[in-house]
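Which chain is which? They are A, B, C and D, in the order written, and residues in each are numbered from 1.
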Amino acid sequence: MSSPSLTRKFWGTEFVSPVMLASGTSGFGEELFKLGCLTGAGAVVSKAVTMKPRSGNPPPRLLETPFGLLNSIGLANPGARYVLENILPAVSNLPCPLVINVAGESVQEFADVVSVLKESGVHIGYEINVSCPNVAEGGAAFGVDPEVVFRVSEAVSQVADRPFSVKLTPNGGDMVQAAVAAQQGGASAVTVCNTFLGMMIDWKTGKSVIKRKVAGYTSPALLPLVVARVWQVSNAVSVPVISSGGVSCGQDVLQLLAAGAEMVQVGTRLMRRPCAAGELLDEMKKLTGEQ
Amino acid sequence: MSSPSLTRKFWGTEFVSPVMLASGTSGFGEELFKLGCLTGAGAVVSKAVTMKPRSGNPPPRLLETPFGLLNSIGLANPGARYVLENILPAVSNLPCPLVINVAGESVQEFADVVSVLKESGVHIGYEINVSCPNVAEGGAAFGVDPEVVFRVSEAVSQVADRPFSVKLTPNGGDMVQAAVAAQQGGASAVTVCNTFLGMMIDWKTGKSVIKRKVAGYTSPALLPLVVARVWQVSNAVSVPVISSGGVSCGQDVLQLLAAGAEMVQVGTRLMRRPCAAGELLDEMKKLTGEQ
Amino acid sequence: MQTAGDYVCTVLSSRQVLPGVFSVEFESPEISSVALPGQFVQVEPSPGVFPVTRRPVTINRLTESGFELLFDVVGRGTQLMARFLPGDMVRVMGPLGKGWDVDQDKTWLLIGGGLGAAGFQFLVDSVRSSGVIIGASGADRVIPVQAQTVHIVTEDGSRGSRGLVTALISEELLARADSIAVCGPVAMMEAVWNTIPEAHRSKVQVSTESRMGCGWGVCDGCSIPVSGGGYRKCCVEGPVFPGDTIDWKRWKEAGL
Amino acid sequence: MQTAGDYVCTVLSSRQVLPGVFSVEFESPEISSVALPGQFVQVEPSPGVFPVTRRPVTINRLTESGFELLFDVVGRGTQLMARFLPGDMVRVMGPLGKGWDVDQDKTWLLIGGGLGAAGFQFLVDSVRSSGVIIGASGADRVIPVQAQTVHIVTEDGSRGSRGLVTALISEELLARADSIAVCGPVAMMEAVWNTIPEAHRSKVQVSTESRMGCGWGVCDGCSIPVSGGGYRKCCVEGPVFPGDTIDWKRWKEAGL
């Protein structure tokens, strides 16, 4: 295999690198832009946007484990209309494309959020987060049932004027079938994948420090899990695969590209290194000899 | 919560500790016994036994990643009859109970292996490994379909003269439902859980070093994933839960007990520390103040 | 106004000031030239990838060419930080957050409990202060603060008077202050808040702590429950808030 | 006969013998008193939990109070091991595996390629040898072996003759030996095997390498493909095997 080119055209847009900043780990890009940390970033994926404002889960929302991080943010966000009117105008000058991560509690909510946000010209597309609980239909995550994934994807594709990716969940169900369903529903990409369900208990009290008990777990040690899932999904769908999870160095990005990812997200690493996008790109260039 | 007692009666047998040595990481116990490493071990779980001898997967079968280990052993074993006639007699003097891990390619094979092995009085029970591919019905792992888990569990319970645990898979499907199905089928425990599907690709060649491409991934960093699954499953079944995965220190064992596990397996840690059972027990005693 | 940056700073000195409490001085004209009292920095406790987040520490005071941190060793991150040696290069992001709402024309009363007083020196050095009350469990936990008037109170009476900080809060002290800075464990801060009569509460500012992912406002991990419902981000909307912003009940329930 | 044990051994010395090749001596009467040539040890390269497996290294020779390892720095584990300092306490399990089938009445010819010759000293010190052939890419990769007759060959001709080890294998050398020890990369060992005429092949023993989980026979990870199908465990049935045991074709396909 020859060295993969690091710039690319994706969803009709030029990307300076395959590295995308993962949803929930870089806000809407503004803070990192001001810190000078968007150099080398292919794109920013916003935190999740829902129809109504959500204040999020009770604290503590984060819990570090020896080798990773548990998060229970609870989709805290000011709601689609506020995002449209107040946030998107403020980030229209980002030096890289913006993708909006969309969450909902019903199939309809995803479509509704997209309908509101499409009034803005700032973002290039959407990432549909089907890992959240399907409150309208019993509470299991949308993403575990391919049939529901298809319906979400179809509902979004009916209203979306821009490309969208469906961000799958690794927590139950068959991710390959869910990816195929997303594609059939009209998705322009799939993101593999959201956080793995995790938990930490204080053995002395027998209790989870995080109020919701289970949370989303991320760790650089999860890379092999993500590589396997990217490889399986990219062999099953024809739309591009965006990887999400496990990246902590340039070699990890190259490995995910080799596994079949077209774009590679980095999230938790940004907590240590807000300028990770540029660092990863430099590391990759060194490894591949690209200038 | 008061400090958990560390000795226990499980399946009618006295265990000096809740620590079991996980299947595939301690053979049939003989080597570790000779090394003096069974001190502190509650029980040994044997490597997988199938009906016919299996030579296993082509090498390399192991691949270390920066933070874990991929294994693709392929159930290498000399077959149930050889185990019955040559191995079990040789390990009748182990200082701790032995549980036999059973694998198969069809529902019938699990029952057949148990039927053969029950002629021996050496082991105290079985662990039924439903993570292997159901070759007779399309190749997906038995464990991803609760209906199939029920059938395996039922088939084993019809022939087994000893208690058995069903070892669930975290790779797809709904583990809680699978656990409930195992219990309904007659399982005396469930083991949570087998290895997570993982993969590592050499970005320069674009290839997986392991011939089967995907493999079983283990890492101490997976502990929060196992804690979450143990907690979920133990809240859903009444049979005891045996945890498997992520243990690297005494505190991890205490955390899994607090999450609802009755017994706690340790596997990969034995590659660094063959005497881990005793070390973990000492660490736990220090933490809980138990003598 | 974004003045923070991510810098590789040289450790100039490191010493144990109390049992388990370390003072580490970093060289960083970039950070010290823009830092304000009450702001904090995010320190990388180790090279490599673990732990996956940094550690937030308040700037205790400015020094000739940089700033000093004062921290307690409580877990893995601070254990690693206690091993920093002069000459080490450490990645530090800062200054971060909204510090004390400082107005040079005002007179401050500072009330600190335990490590909450780490950070007071910078404030004392920047404003006029009428007094500093420092509470601790015992003599070996009294954070050193250089100020004109320092009142020390320890739970075991091993230094200063015996008791809790609240015992030293008097109408006279409160009346002499235009602003009141409170920092310490949640329970201590709530007790102080409850001890201060309504009439003086509008002067109170409290410095909060929360588990942080980033420290620069992007992850929404560091929420502090506020009066009237909802949350504020400790890292960018705080760590210092007007006392009446805090929903003490929900914050105590939250735990850390 | 289980003679292995898991010991915390003190590092007695550590030095670079060739660029990137280190010699480390451990104190361990327990291991050295029972070790046989061709056996190996499993070394913990670091404290803590990562990497999750140990590193297998052949015993190069016995020393007064322990044994010496000779290893090449190829990746993370050996990088850590290259930093061992005298006085360090390191966990070492050994001796492990089946070494050379040694009979003191026999005369040995040793053929080593690259780091394959690390381990030869112990054999040379234990048996009568008629010659040692050492091949390497260049002078800076020639493993030092003290023996009566050492033939050196390098690919670039920078030391000894120019070429591959196979060029030095002569009917005369083969005829003088009762046993032939071969160790090196798979391709080198296969070439040597193919060069040796049928008549001498029954004398050949080869020392194999495989990725190991445990090193003590429990994980089935270290399989070497053998003639007639199936596998043997490198760690307990090897690492030394009679040459005709190996299925060279399947072994080469396997890669490491």
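We adopt the following convention: a residue touches a chain if its C-beta (ideal position, glycine included) is under 8 Å from a C-beta of that chain, and two chains touch if they have at least 3 such contacts.
None of the values given here were measured: they were computed from a predicted structure.
The fewest steps needed to get from chain B to chain C, moving only between touching chains, is 2. In this assembly, D is the chain whose CA centroid lies farthest from the centroid of chain A. Per-chain Cα centroids separate chain A from chain C by 34 Å. Measuring from the averaged C-alpha position of chain A to that of chain B gives a distance of 33 Å. In whole angstrom, the spacing between the mean C-alpha positions of chain A and chain D is 48. With touch defined as above, chain C holds no residue shared between interfaces to two or more other chains.
Listed for chain A are residues 66-68, 219-220, each touching two or more other chains.
The touch graph of these protein chains is an open line.
All chain pairs that touch, listed by label, are A-B, A-C, B-D.
Of all residues in chain D, only 2, 4-6, 44, 49-54, 76, 93, 210-214, 216-225, 229-231, 236, 250, 253-256 touch chain B in the complex they form.
Contact residues of chain A toward chain C in the complex are 24-27, 31-32, 34-37, 47, 55-56, 58-64, 66-69, 71, 73, 76, 209, 218-220, 248, 268-275. Across the complex, chain B meets chain A through its residues 1, 65-68, 70, 144, 172-175, 196-206, 208, 213-214, 217, 219-225, 227-229, 231-232, 251, 254-255, 257-259, 287.
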